[in-house]
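Below you'll find the structures, each written out as structure tokens.
The following pair of complexes shares a single chain, chain A, combined with chain B in the former and chain C in the latter.
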Partner chain A sequence: MKNHDIVIIGGGPAGMAAAAAAFDRGVRDVVIIDREEHPGGVLKQCIHNGFGLHKLGRELTGPEYADVYVRMIRERGIKVYSDTMVTSISEDKTVTATSTGGILKIRAKAVVLAMGCRERSRGALNISGTRPAGVYSAGTAQKLINCDGYMVGKRVVILGSGDIGLIMARRMTLQGAKVEAVCEILPYSGGLTRNIVQCLEDYGIPLYLSTTVAEIHGRERLEGVTVAQVDASRTPIESTKRYIPCDTLLLSCGLIPENELTQAAGIDIDRVTGGAVVDQFRQTSREGVFACGNVLQVHDLVDHVSDEAETAGIAAADYVLGKNTDAPCIETRAGEGVRYVLPQRVRLTGDSVSLYLRVREPQSNVRMVVKNGGRVIKTFPRLKVAPGEMEKLEVPVGLTSGDGDSLTVSVEVQK
Partner chain B sequence: MNRTLTCIICPRGCTLQAHIENGTVTVTGNACRRGEEYGISECLHPMRTVTAVIGVVNRDGKALSVKTKDPIPKEHIFDLMAVLRGMTASAPVAIGDVICDNIYGTQVIATGSVE
Partner chain C sequence: MVYDILIVGAGVCGGMIARELSKYDLRVCLLEKANDVAAGASKANSGIIHGGYDPEPGTLKQKLNTEGVKLLFEAAEELSVPYLRNGSMVCAFSEYEEEQLRELYSRGISNGVQGLKLLSGDEARALESNLSQSVTLALHVPEAGIICPYKLTIAAVGNAMDNGVTLMRNFEVTSIKHKDGFFGLTSSAGDWVSGKYLINCAGGYSGKIAAMAGDDSIEIIPRAGEYMLLDRSEGKTVSHTIFRAPSKEGKGILVSPTADGNLLLGPTAVRVDTPDSTETTREGLAAVIRSVKESVPTVDLSKVITSFTGVRASHMDGDFIIAQSKLVKNLVNVAAIDSPGLTACAAIARYVTDILDSMGVKLCAKPDWNGKREDTEAFSKLTDEQKDAVIKKDPAYGRIICRCEGITEGEIRHALRKNPPALDMDGVKRRSRSGMGRCQGGFCAPYVMKLIAEEQGIKLEEVTKNGGGSKMLTGRI
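Our next item is the complex of A and B:
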């Protein structure tokens, strides 16, 4: 059994930023456990640019952004247990992991969960048809091409227009493949508008909205897919079915926070975000266990992951140093037009709290309204909102205490 | 002539209105200076930063990620990709190393490292 003040699970952008922040807050005994050979997480395979503009003030590729944080943890002498996978976290914060060196047990004073997320697979999507080779999740294809230098196919259909799907449409095209179509089951894309422009429009790749892959064809290798438009209940419309020959299907159909460890540890999970229930310091329902990054809520931008991880890292350090707060909490609730609000609990301490949320559907000329009980405490006008773009609302904490026991955020159309 | 553009410089993705007259572009709708620069450049000579991977001769099964140090003319993206396909690096490579000098007015540099 080893002892460390703070154990961080996951060596991606969240884990590295949390580790550096905890160290800088004054806790020197911080370690990271990472199941991969090198830290950096998914950034290692995101070779495109566009990272870091918010956080670092310059535009970097994924590997370059990761390198900034790898250097930060190296400079601070923070140990990374690589090729090591955590299998459980006990109630007394003993972290058990397996590695090539055997079983590792670490007794921690605080734990930061930073395990990231996983892609939704074909099985979870229930696409009918055969099971040939050539069906990949977009991130798997991205890793094969960008890290292993292995091209996955020549004629491609992409299902899902989230950012990974869009980025992969461009990537496959640049590597010489023909992307026949990007299909999106929803009536709007979940990706950033800039990615639709620079990944699809730049290369003349068609985006079909309200369209899905209804069937997969082929025995050994994928031969083609049947696509179809969908009705309001997302059921394929028979008369719109058409066959597209292709050898590769990439699935970019959503990301799921990887919380098996969290659940097994008995920590409360939010059914909407798929991540832990936290307060604004990113402390979970288990005292001394914090969560940040895509394991907590799936982010659009790594810059925001780094910010959130710093919050969690600082709070974990404060917990170890005995400087944490036990101020009373009120709950946050998603009102009309809002899918979720994070944090789910606000401790009534400090000057202000940042509420992060996603809307249910794209809308323009709206205002985000924050209410405590029946009382409006702040409104935020927005020219346009979309589910693919996380909103951040800064609410003064002084105004949150008082008549109600919960903070509700809703979307109202401007009159 | 008027054009509506989506700025691709940052994730905010501002909708830009560009008015082009006698080779001069006026941009509105941008939230920052970079948006104005993008709008002008996009109307006169669109430029893109290109990212890719190349092989590493002495490290089997490793790919090295690279990018153009500055944006290159959009019409040369596929020409550059053709050049990159024939290009390899030799380990060790450090992040920021110049892989190819003087190409479309810029350099191709490594964005990853191989020991």
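Our next item is the complex of A and C:
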């Protein structure tokens, strides 16, 4: 059994930023446990640019962005247990992990969960048809192409217009493949606008909205897919079915926070975000266990992951140093037009609190209204909101206490 | 080499027969057209060990089901194949179905099934809290169980190979010549093999194989069954296998835990054109969902991790066809093995051996036969201390490749080496469970591909999903 002050689970952008922030806050005994050979997480395979504009003020590729944080943890002498996968976290914060050196057990004073997320698979989508080779989740294909140097196919259909799907449409095209179509079952794309422009429009790749892959064909390797428009209940419309020959189907249909470890540890999970229920310091329902990054909520931008991880890292350090708060809290609620609000609990301490949320559908000329009980405490006008772009609202904590017992955020159309 | 016995088809029957015959001093060759064993119905069925209340008395199904349960549990023990005696419940929702259940109950009693009990809806719900309020009567079959059908097949073939049986994969029989007391079989790849006795275990294609040998008496009716498999987080939704009252087409759509801890829903029963019609359909999956919502309304369909279709090899008569051919000497047909074929497979293997005996095949027991197979999942069952000791000897057991199921590189390499070695992605998945979890290989596939290429000394571009043209990659960048 080893002892460390803070154990961070996951060596991706969230884990590294949390580690550096905790260290800088004054806790020197911080370690990262990472299941991969090298830290950086999924950024290692994201060789496109667009990372760091908000956080670092410059535009970097994924590996470059990761490298900024790898250097930060190296400079601080933070140890990374590589090729090591955590299999359980006990109530007393003993972390058990499997590594090539044997079974590792570490007793931690605080734990930061930063395990990231996974892609929704074909099985979870219930697409009917055969089960040939050539059906990949977009991220798996991205790894094979960018890290391993192999092409997964030549003629491609992409289902789902999430950011990875859009990025992969461009990547496959640049590598000589023909991307026949990107199909999105919703009437709007879930990806960032900049990705639709830069990855599809610039390359003349068609995006079909309210369209899905209804059937998969081919016995050995994929031979084609049947695509169809969907009705309001998302059921394929028979008369719109058409066959597209292709050898590859990439799925970019959503990311799911990887919280099996969290759940097994008995920590409360929010069914909407798929991540832990936290306060604004990113502390979970288990004292001394914090969560940040895509394991907590799926972010659009790594820059926001780094921000959130710093919050969690600082809070974990404060917890170890005995400087944490046990101020009373009030709940946050998703009101009309809002899918979720994070944090789920706000402790009534500090000057202001940042509420992160996603809306249910794209709308223009709206205002985001934050209410405490029945009282409006702040409104935020927005020209455009979309589910693919996370909203951040800064609310003064002083205004949150008082009559109500919960903070509700809703979307109201401007009159 | 001329074999004494040729077995066509490495499904659960072919595999168990090969294992049974490996006890004797015989040269046995098992032929399989796919890149792996258990490639047909044996990989895609309900995995149920049936109590034996269903088959009509006096049929081969009834005889071999009743004899088979005990023999199957024994074989599973010897072969270290996971199984569970979880019991089953057949549920009635109407007076008509209640009547059916009472019939099944008395048939079960006369078939000698132990412990059968009719439970009121409330009694059933006391045992199975997620059962629908609409269930009015349930037949409780405590003897019934579940087993992983493809692991059983893999283990049976592996154990047969360890005892001297030859397995030839990618041997799709295209012609059979029977001359001078020998069968000569040619494959689509132009390979040739010959033997004295031919056992036809070709599943959906058993009619075709028999006809190639000169016996056109078997007509197989392929009937597809669609399934949905849920994450292991849902495996405890029910503890018993929950059946609906049976119909002519089959035993109805069930909700069952699997021996690996998942939750299985299905199957439908739809007549299809060929035994290869293994595609899932929107209608089929919708039918599964409809039925499941009636019997166990709390099933969480957002936890589906995969869906698949198995095709049963059925027959007009409804009974198994296991007999020496009346038309071709030295040909034994093992055909129309639909439910309860899995339950009966160990008994079928014995029964076929008896038929061979009666045909004059000399059965001299081998003194060194070893029916035991090591537990391929042993590592996952070790304590942390024991795992630590294994990892210190072989660090590959410390590298987790499949995050969802916690499968290590050591276990995957083992699957690529042990009889019958996995040759492709699906083979690794069925042996080690790598890729079997909620992400369905999203994370582990690139690593598994590398391990396959390394163990087989092939290029990464040559790695397939399940043999043939199912290549995972199209080339280097």
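Simple rule for what comes next: the second predicted complex is superposed on the first by the 415 of 415 C-alpha atoms of A that agree within 3 Å, B and C clash if a C-alpha of one lies under 4 Å from a C-alpha of the other, contacts with A are read in each partner's own complex, and residues count from 1 in each chain.
One rule holds in what follows: a contact is a pair of C-beta atoms (placed from the backbone, for glycine too) under 8 Å apart; a residue touches a chain by one contact, two chains touch by 3 or more.
Because the structure is predicted, anything quoted here is derived from the model rather than measured.
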Report task. Determine, under the contact definition given at the top, whether A:148 touches first (chain B), second (chain C), both, or neither. Result -> both
Report task. May I ask you to decide whether A:214 touches chain B, chain C, both, or neither, giving the answer as first, second, both or neither? Result -> second
Query raised in the report: Looking at the overlay, does A:192 come into contact with chain B only (first), chain C only (second), both, or neither?
Result: first
Query raised in the report: What is the contact status of A:300 with respect to chain B (first) and chain C (second): first, second, both, or neither?
Result: first
Query raised in the report: Between chain B and chain C, which makes contact with more of the residues in chain A?
Result: C
Query raised in the report: Which of the two partners, first being chain B and second being chain C, lies in contact with A:90: first, second, both, or neither?
Result: neither
Requested in this report: Would you sort A:64 into first (chain B), second (chain C), both or neither based on which partner it touches?
Outcome: first
Report task. Check the residue A:48 against both partner chains and state whether it touches chain B (first), chain C (second), both, or neither. Result -> first
Query raised in the report: Should A:100 be classified as contacting the first partner (chain B), the second (chain C), both, or neither?
Result: second
Report task. Look at A:174 in the shared chain and tell me whether it touches chain B only, chain C only, both, or neither; answer first, second, both or neither. Result -> first
Query - Residues of chain A contacting chain B in one complex and chain C in the other - result: 145, 147-149, 175
**Report entry** Footprint of chain A on chain B - complex, ascending
**Finding:** 5-11, 13, 48-53, 55, 61-63, 65, 67, 74, 77-78, 81, 85, 95, 111-113
Query raised in the report: For chain A, which residues are in contact with chain B within the complex?
Result: 44, 47-50, 53-54, 59-61, 63-64, 67, 145-149, 174-176, 192-194, 196-198, 202, 300-301, 389
Report summary line: Note: in the complex, chain A contacts chain C through residues 35, 83, 85, 87, 96, 98-103, 105, 118-119, 121-124, 126, 128-134, 136-137, 139-140, 143-145, 147-154, 175, 214-216, 219-221, 236, 247, 258, 260, 263
Query raised in the report: For chain C, which residues count as touching chain A in their complex?
Result: 228-229, 233, 276, 278-282, 284-285, 302, 304-308, 384-385, 387-388, 391-392, 395-396, 398-400, 403-404, 406, 408, 425, 438-443, 445-446, 450, 460-461, 464-477
